[in-house]
Every structure is written in structure tokens, then in C-alpha cells.
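Chains here go by letter, A, B, C and D, matching the order in which they are written, and residues are numbered from 1 within each.
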Amino acid sequence: MIPKSDLRKPRRDVAVVGAGMTVFARRLQETGKEMAWEAAKQALDQAGLTLDDVDAVIVGTAPDAFDGVHKKGEWLLDGAGGSGKPFMRVFTGGGTAVMTPIVGWWHVASGLFDTVLVVNEEKMSSVRPHAQSAFAHIWDPILDRPLKPNLVWIFAMEMQRYMWTYNVRYEDIALVAVKNKRNAVGHPCAQLADPDITLEDVLNSEPLALPVRRLDISPPSDGAAAVVLTREEIAYELTDAPVFIEGVGWCIDTTMWTNRDLAFPKFVARAAKMAYDMAGIKDPRKEIDIAEPYDPFDYKELQHLEALGLAEPGEAAILTREGKTQRDGELPVCPSGGLLGVGNPIAATLGIKIGELYWQLSRQAGPRQVKKDARTGVAQAWGDLMQFSSVVVMRRR
Amino acid sequence: MAFFEPMQKATEPRHWLGDMEADHYFYGAGVMGQRFFEALRDEGKLLGSRCERCDWTYVPPRLYCERCFAELKELRDVGLRGRVKAFTVVYVNKQGEPLDPPEVFALIEFGPNITPFLHKLGDAPPERVHVGMVVEAVLKPPAEREGKITDIRYFRPI
Amino acid sequence: MAHEPRTQTHNDERFGPPPNPQGRRLSAQEEAQLPHIIAKPRARYAWAAGIAISAFLEGLKRGKILGRKCVGCGRVLVPPRMFCERCFRPTDEWVELPGTGVVETFSVSYIDTDANRVEEPILVGTIALDGAPPHCGFMHYFGEVSPEELHIGMPVEPVWKPEGERVGSILDIRYFRPRGR
Amino acid sequence: MRDVAIVGVGCTPFRPLTPEVNWKELTFQAAVRAYEDAGIDPRRDVDSFITCAEDFWEGFSIFDEFTPDQLGAVLRPMHTVTGDGLLGLANAVMQIKTGLCDVVVVEAHSKISELLTFEHVVELAFDSVYEAPLSRERDVHPYYVAGLEMQLYLHETGTTEEQCAAVVVQDKQNALLNPLAPYGTRMSVDDVLGSPPLSDPLKRLEVAPRADGCVVLVLAAGEIAERLCEVPIYIEGIGWCSESPWIAARGAEALYAKRAAQMAYEQAGITNPLQQIDFAEVDDRFAFKLLQHVEALGLAHPGQAGKLLLDGMFSRDGELPVNPSGGCLGAGDLIEAGGLARALEVVLQLRGEAGARQLPDVETGVALSWRGVPHGTGAVAVFRRRS
């Protein structure tokens, strides 16, 4: 075994100094480039910077099959501010939402760049008849595709296994959808905010692939989001309250999804451990003040909280039932409204994961601001065929 | 053993046919594209958007300046006449079969500080096309225009 | 000519950041008037099945479920592969599995692949195959069972297509049914 | 910041078709060789894995799903760069420089023979409203864009069609000495000029034939590299750049490559590339691209590369050999693996392991990649064997 190097420790600090996002909705009018520009421009404006200050651009956008554009990153690059600059697109399915800021982090932390712009965009309304037409091609063509699967199936299967293994009740899972859709009422970009939603609404919503019902799922959406990252010295010149990226982690599990134990997402736990180790976090339950886990389905928020070490397996549902994950609770979870409330333009959910943590931790979140004085937060995204996770720990010092 | 046993017979390998196609896509023209195509369709005009700061005009118009990221608010009519900056005569289609007659593609410049415009040339024998040649857009008759780039049939020499 | 600027800050204090969220959903009528192109891509492939899956498909044609054994970790990998992703070494031998297994997980689906609603629910899930390690198997349909009966842990067996109809496809198995039915 | 070096390389031979393996089995073979070369165990010693791939090349939405197993990356940090191999290499370099990772693996492959509608997929990368409808109308071959760019380059630099054709002759001849390269042969400038026109002035034989294959590189932090192998090949500089994606925005020079080179040279302390660089491997999917790229690297003045090529400057025994591997024209267009194939040759040459095509006394080499029609994205990496 190779002994680890003495020089192995990130030494250059990187902060978020601006964030922006567009409305999440079906948006046929704007091109993806135009949405990317809207979000990127806002993030730069908020940071008090111009495109000239940007040394490199990182873009995230999920499957090219949504847009029907091959090499979609290249196509988006002028809207993202990448013309004439070092430009990089990375792609980890839904995990892209939190992966691009990690890639942005290493652009700066490596010493190669001072200030970078991270732009994520997604447009799911272009593909017809339905976004499912694009999802049909995520499966193994020989083993899975002949069965004509629907993407929701695998989530239903995973949810079923999760409920069975940890004895979790559907009623408690549905409470996550209620909480997040209510939280989203304070979000100007929200697609599905609903102040009056009740548990019964979720329980009685249309069955899709049981146990998954219509209101357990975040809706397909179009939108973009962006953040600006810079090194410590510049960050303090720009703002008194930069929010630092203290830990990053990412991890992928085997392609063979039918060979995995679906009840517990081990890859999320591994990614979290990597990020916590880097951030020096030993007891996440004590040290994390606020969480933005990926919540495309209500059960995913619970599973992710557990894998992030913020609850024991099976316990997250209890914390939810007891109200501890509400905005004014002990551990506010998805105070943005999450994907369930604000919407799920896959990669663009950067804005409600990293963006929201930035606004919350710098106490700019307005009516969405959590009650407690949150200094350390964790954001997480999840993607591919239920197998990839990216985790970022952020802190206001 | 570093490698697995290979297949040994030409008949052993199997392949699997499939695609990555949706039924179709709706490719929207965008905020600025809408103005460009409406002007083309309804008024027979070619619009660009100008960045004052960079003194640069984009054709087709963009919502933002690629160079400085400013929002572009000023639209201008760049006219239908330009010069050939570069051209190529294409002889084959996607299947590798001959294109008869061949197709001529060109970059057309409408003036200084304006991005060139990609389109086709027509009404000109390929051997007579040259860089610097003055050309003008040939539009479909108003009734046939649909608000698409093909509302311009091609550019022809003057 | 000028148009309305899009970069204006909203001053609605009921909302928090972002400071300038753009965009709105158009009405159906507005959408219909947008200039656009409709096109269908042509993206066709002939994927090589590879060594392991070619043999697996040949096995299905003969009514057999084949796995590959890795002596490194002792696992029988189904679907088979020529290398073990855990040990990162070539797998060692072919193993024929009995085909029986238990329901690892399942869904009662009221939507098909294009998200159309179906009257009769599709019963689908993954099967943990006997002879393979825990949680290990593949996805398939369930049949000859009601949605109410179907449960995790239920023993199941494959129902094969008649030999003459089998072509070397996962669909050479019609579905899995409760064992002994 | 930390040094980064290549400590292991592995690949499969490049071939027109590979029907006997799927992409996982293909990649596994290249990975096994790379890990053997580096003397590492991927399940234990590697901190991060990177694959370079694009969905539509592969036929999978979210190809990232299908990447970990064959590299030994299961339950490890791994991600996809939707770009050329050198862009993946850039990520690996940055990961090591931060101090987060000690050992990183980069993989890129081509299984392009499985894509039955290559030309349609290339067109799918064009702007779908302004560009694609023009060629779709009569099903025009999308490489007309290369013809357009070549015409612009020839017209503005005075480079001749004969000079471009000579690129093909040289590349295919170099490939004869490369056992990995499938397209080596002897031909004349007249053979090339006499091949059917594809899109004037581009001729059929000036387009690199595609190939399948996989390249895996193992990178390590400098202080570890010294312990892992005898001749670590240091990545002294890496740069990348994208121009505007609009086809009409193209200029006669490869600005993306020029800027990428500037960035890489700055890191590597290269102020006089002609003096400080011993040889180059550049993308030449179209023959004129070799000349354009050599100029972008500062190895020839604009418009001079063609003349210098005819003078023998870039041949194997010339002052500054270019594409001793045979380049894309001789070794095949490996799609997103092209950049790593170029880097692989540079590493083999610097290690002195290039066999019959070994260049004498080489210490510093440069690799340049390009993402192909219709884009202006490229990357440049400078490699050195430190004495």
C-alpha cells in the first residue's frame, strides 16, 4: 500500500461570494443559454464582480437527452460566460447539482485560478412527449430496457425496500413533502409552493408506481442557478461574511443496481465521511446546524439524512414527525423548500442546495432565514442510477 | 491471470440494437430568437443585437454580450446584404452519397464589428464563388415564411 | 428598437433571495406562438454485448440463468461480468443458477414507460436469486400474483417462454411467479 | 503547489471495430495494464477516478452510471468529465494540487464503432435553431464545418492544399512504426489530393478514420511519484480554453489552442516553445488542423507550418517532430480519448519506451487536444522527464 503523503491536506481556502437562480418552471420561451446567463449574471452581480474577474467557468447540466443537444456543455458555454475562458463541464447525473461547486472548489484550491463561476442549467420541457422519453435511455440496453421501465419504478423499489428494512411508515415519509412544499412558500423561484397542503393531500394523491404517489415526487422543471467561488483573500475584500467550502466529498457505487442493498445509500455515507473528514467534523449531529439534502422524492430526504449521519437508519422519519426538521426546529432540513417545493430542474437545483446554504449561513435568507444561528451546513445531491452522491460542508467563520 | 478468456469464434460476439431518441424535441428560439424570427417572418428583416460597451453586434441577436455579459437591449437591422468571409462546397450527404447539386455553405459578414452569419449560397456556380463576393439574402415569399432560419432560402451574388 | 430589460431587482419583501429571479411559465397560447424547430434526433447504436453478457443471453435462450464466480470474494455475479468490480480481478468460472429466488423489492406501477396511465398495474421488482449473494439478481416482472399478495421475501420462480420463442433476451423469461404456483 | 506526474499508462490497441468486448471489458483491459505499470491496487491506492465521455457518443443518458466498475472505482470518489481526455487530466492535476488526493486515475475510451448514425449525432451538437436546420434540409454531411474552417485557414494564411495533403502522408508513414495504430500506410501527396472531395477544400483522405480504443493514465503527487516509479513524467503545465460555440464565430487561427497553450506554458515556465519543447502530439482529425495547431502552440509562425512541414521540420528526424505516433490520421480518431492517446505517446517517448519510433534525446513534449466539429475547445499539456 502506498503510504499517504505528508503534503496531503487542502491548504487554500475557498469561499462562496455570490449566488443566483432563475424561476423554476416550465419555461419554453428562454433557451438554456439564456437561462444560464440570467443565473450567472445575478451571481456575479451579487458578488460585485464582472465577467472579466472570472478566471474559469464550470458548467453542470444533466442528460443531453433532455435538450436533444449533443455536447450540451459546449452549446451552453457562451450563456454561462465561458467564451474565451478555461471551461469545464462535469456530469454526475442528479449529483451534478452539488458536484460542480466541488469541481469549482478544486479549480481554486489547486492554485490554478482565483475566481471561478459555477453555472448549472436544466431544461426538461424540450423533450416530447415527456421527460420520461429521455429517462428511458438511462437503463442498461440489454438487461433493463427490454422491460420498458419507467424511471419512477426504481425509486418505488428503493422506497419499498427502505420502508421494509427500517419499518418506516408511509405517513411519516409523506410529511416530508408537506414540510418542503410549505417551506417553498418563501421562495420566489418556487414552482410548487403550497401553504395549505396537508398530509391527506399527499396520501390521496394519484398513485404512480406504488408506494410512490404524485405528491411524493418533485416536478420536472426548467431553470438555472449559479455561484461564484473565490479564494479567501479576495472573498474578504468582497464581503464581510463569506461562506467557506470546508469539506467536499463524492462517491459512486457499482453500475449493477440490482446487486445493491437499496435500503441504505452507502455511497452517500462515504461521500459524507470524506467531506466531514476534510471539514474536521467528528459528530455531524452536534456540529451541523442546517441541512439541504437532495429531496427529489420525499423518502430520499430521510434516507439521505441517515446516510449523512444526521439520524440513525430509520430515525429520520421520527425526527420529521416530531417537527425537528422544520425551519424553526433543532435541525432545519430543506428550509429552501427543496426540490419537492421549489422544483427539480436536475442540475440547476444547485440554487436550492449550495445557493440556499450560502444565503442561510450568511444570514441573507430573508423570510426563509432559519431561527437558530446556523454557522455550519451540509448540502448533498444524488444521482445516476441511485448510485452517486456529492456532499459539501459550508461554514461561516 | 491479468486478462479474462477472450471469445474465440467470429460467431460468438452478440450485439444489441437500440437508440437514444425521443419522439421529438421542441427547440425554442429563445427570447432574442423570437424577435429575430418574428422580424424575419413578418418584416423580412435581419436583426442583430448590439453591445454598446464592446461596440459589437451579434447576428442573430443574443440576449447577452458574450464578451462582457451585459444585457443587450438595442436591436438593429443589419440589412440583407453582406460579403462572403469563407465558403465551402459540400459534395456528400450524411450517408456518404453524392449531393447533386453540391451545397455551398458560407460565412457572411454584414459589416465591421458584426459577427459573421452562417448560411448557404445559391444562384451561383460553385467555381465562381470567392471570398469578398457581395451577396444578398433571398427570402421565401411572405406567405411561406414560418419564422425559421430556412425562411432565408440562401444568399446570392449581386 | 429596444425591449424591456430583464435584469431588474424585485423588491417584494415577502420573499427572500435570490434577488432577481427571472422567468415565468407561459400560457398554452403564448407557447404556441413561440418560434421553434421540431426535430427528431437520429441516434442509433449497435452495442457489443461483450463476453459475459453474450454468454448470459445464450444461456437464457437455453432456459438457463448463468452467473460468474469470483474466487477472490466468493461471490457469484448475476448478471455476470468477466471481472469482479469489488476485487478488481477477472472472474473465474461459469455457474448455472437454479433460477429461483425471492422478491428483493417491488412496485405496483400504474404508469408505463412513457408515463401513460395503465388500468392493470404493472408488477415489477428485483429478484434476489438463489445461489447468488444477498440482494443480487436482476429486474423483472411478476405474474400470476395479485398486488396485495406480492411482498418482499416472497419465493418466486421464472416462467420461461417456450423454447422455440426464445431469442437470447431478458424477455425469454416472461415473468417470475410465486414458487410452486 | 504540489508537482504532479504520470506514473502509469495502459491502453488497448486502437482498432476500427471491437465487437468482441463491450466498453466495460475494453476499459478493464486498459486499466489492468495501467495499474500494473504503476504498481498500484486501484481498490486501495487510488483517491479519485475520472472518466471522460459524452452521452450521445455512448448511447446512454447519464453515462456516468456505467463508469465505475471497470476501473475499480466502486464506492470510491469518481466523476465524469464530458470532454476530451486532457480535460479529465486537468481535473486530476487540480485534485492532486489541492492536496485532497495523492493518486488519481483518468480514463477515456472510444466505442464509436457502435454509433451507427455518427454524422447525425455530430449535427446534433450544432445549434438546433440557427445551424442544424441548414444542413438537415438536404441531409448534408456535418463535416462541411471543417471544410469551411479549412477554407478560411488556407485563404488567410496562404497555406496550400499540397501542404495539408503532406500532413496525411507524414502521419500515415509515422503510424507504420506504431503497433497501436491501425491506419499506417505509405501514400503520396497526389494520392491524397486525388481522393474525392468531401467539402472543398477538404478531401476524404484528410479526415481521420475513427477507431475504438481505451487509454488509462495514473497520476500521482510528485513526492509519491518518485517512490512509485523510476521515470515519472511530470505534468509541468496544463491549460484549456473554449471559444464561442457558434460556428460562425470561427477565425483562421485556433484561438482556443493558443490560449490553452499560453496557460500551460506559463505554468511550465516555457517562454520560447521552439527552444524548450522537443516534440509535439497534436489533434489532427482533419489534416489542416495539425498545421493550425502547431501554429497555435507557437512552434511555427502563423501560416508557416505548412511550409516547414514540407521542409521536413516536423518529421520524425526533423528539428521538431510532430505526431510521431501517427496522430489521428494514422492512429485513428478516438473521439474523447484522442487527448489521452496524444498524452500516451508523449509519455512513452519521454520514458524511452516508444520502440521503433523512439525519438532520440527528448526531455519535454507537449500534447494538444481538440473536441472536434463544431466546437472550439481544446487543451494543452506539457510533459517533462526531469533529469
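One rule holds for everything that comes next: a contact is a pair of C-beta atoms (placed from the backbone, for glycine too) under 8 Å apart; a residue touches a chain by one contact, two chains touch by 3 or more.
Just so you know, these numbers come straight off a predicted model, no measurement behind them.
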item	value
Contacts common to subunit A and subunit C (chain labels)	B, D
A-D compared against C-D, more contacting pairs	A-D
Chain located farthest away, centre of subunit B as origin (C-alpha)	C
Rounded Å distance, subunit A centre to subunit D centre (Cα mean)	33
Whole-Å gap separating subunit A and subunit B, where each centre is the average of the chain's CA atoms	36
Subunit B and subunit C, separation of their C-alpha mean positions in angstrom	39
Where subunit A touches two or more other chains at once, by residue number	28-31, 41, 65, 68, 78, 83-84, 129, 133-134, 136-137, 141-142, 254-256
Residues of subunit C engaged with two or more neighbouring chains	6-7, 34-37, 39, 41-49, 51, 53, 57, 81-83, 85
Of all residues in subunit D, the ones touching two or more other chains	19-20, 24-25, 28, 41, 55-56, 59-61, 68-69, 74, 114, 117, 120-121, 124, 128-129, 133, 244, 246
Pairwise touch network: line, ring, star, complete, or other	complete
Partner subunit A, residues of subunit B touching it in the complex	16, 18, 20, 22-34, 62-64, 66-69, 71
Subunit B partner contacts - residues on subunit C that touch it in the complex	1-3, 5-7, 34-49, 51, 53-54, 57-58, 82-83, 89-91, 168
Contact set on subunit A toward subunit B in their complex	28-31, 33-34, 37, 40-41, 44, 50-52, 65, 67-68, 78-79, 81, 83-84, 125-129, 133-134, 137, 141-142, 145
List of subunit A residues in touch with subunit D within their complex	1-2, 4-12, 31, 62-65, 68-75, 77-78, 82-93, 99, 103, 105-107, 109-112, 134-138, 140-141, 248-256, 266-267, 270-271, 274, 278, 383-385, 387-388
Parts of subunit C lying in touch with subunit A, wherever the complex brings them together	6-7, 10, 12-26, 30-31, 34, 36, 39, 41, 45, 47, 49, 53, 57, 77-79, 81, 85, 104-115, 121, 124-126, 134-141, 147, 152, 169-171
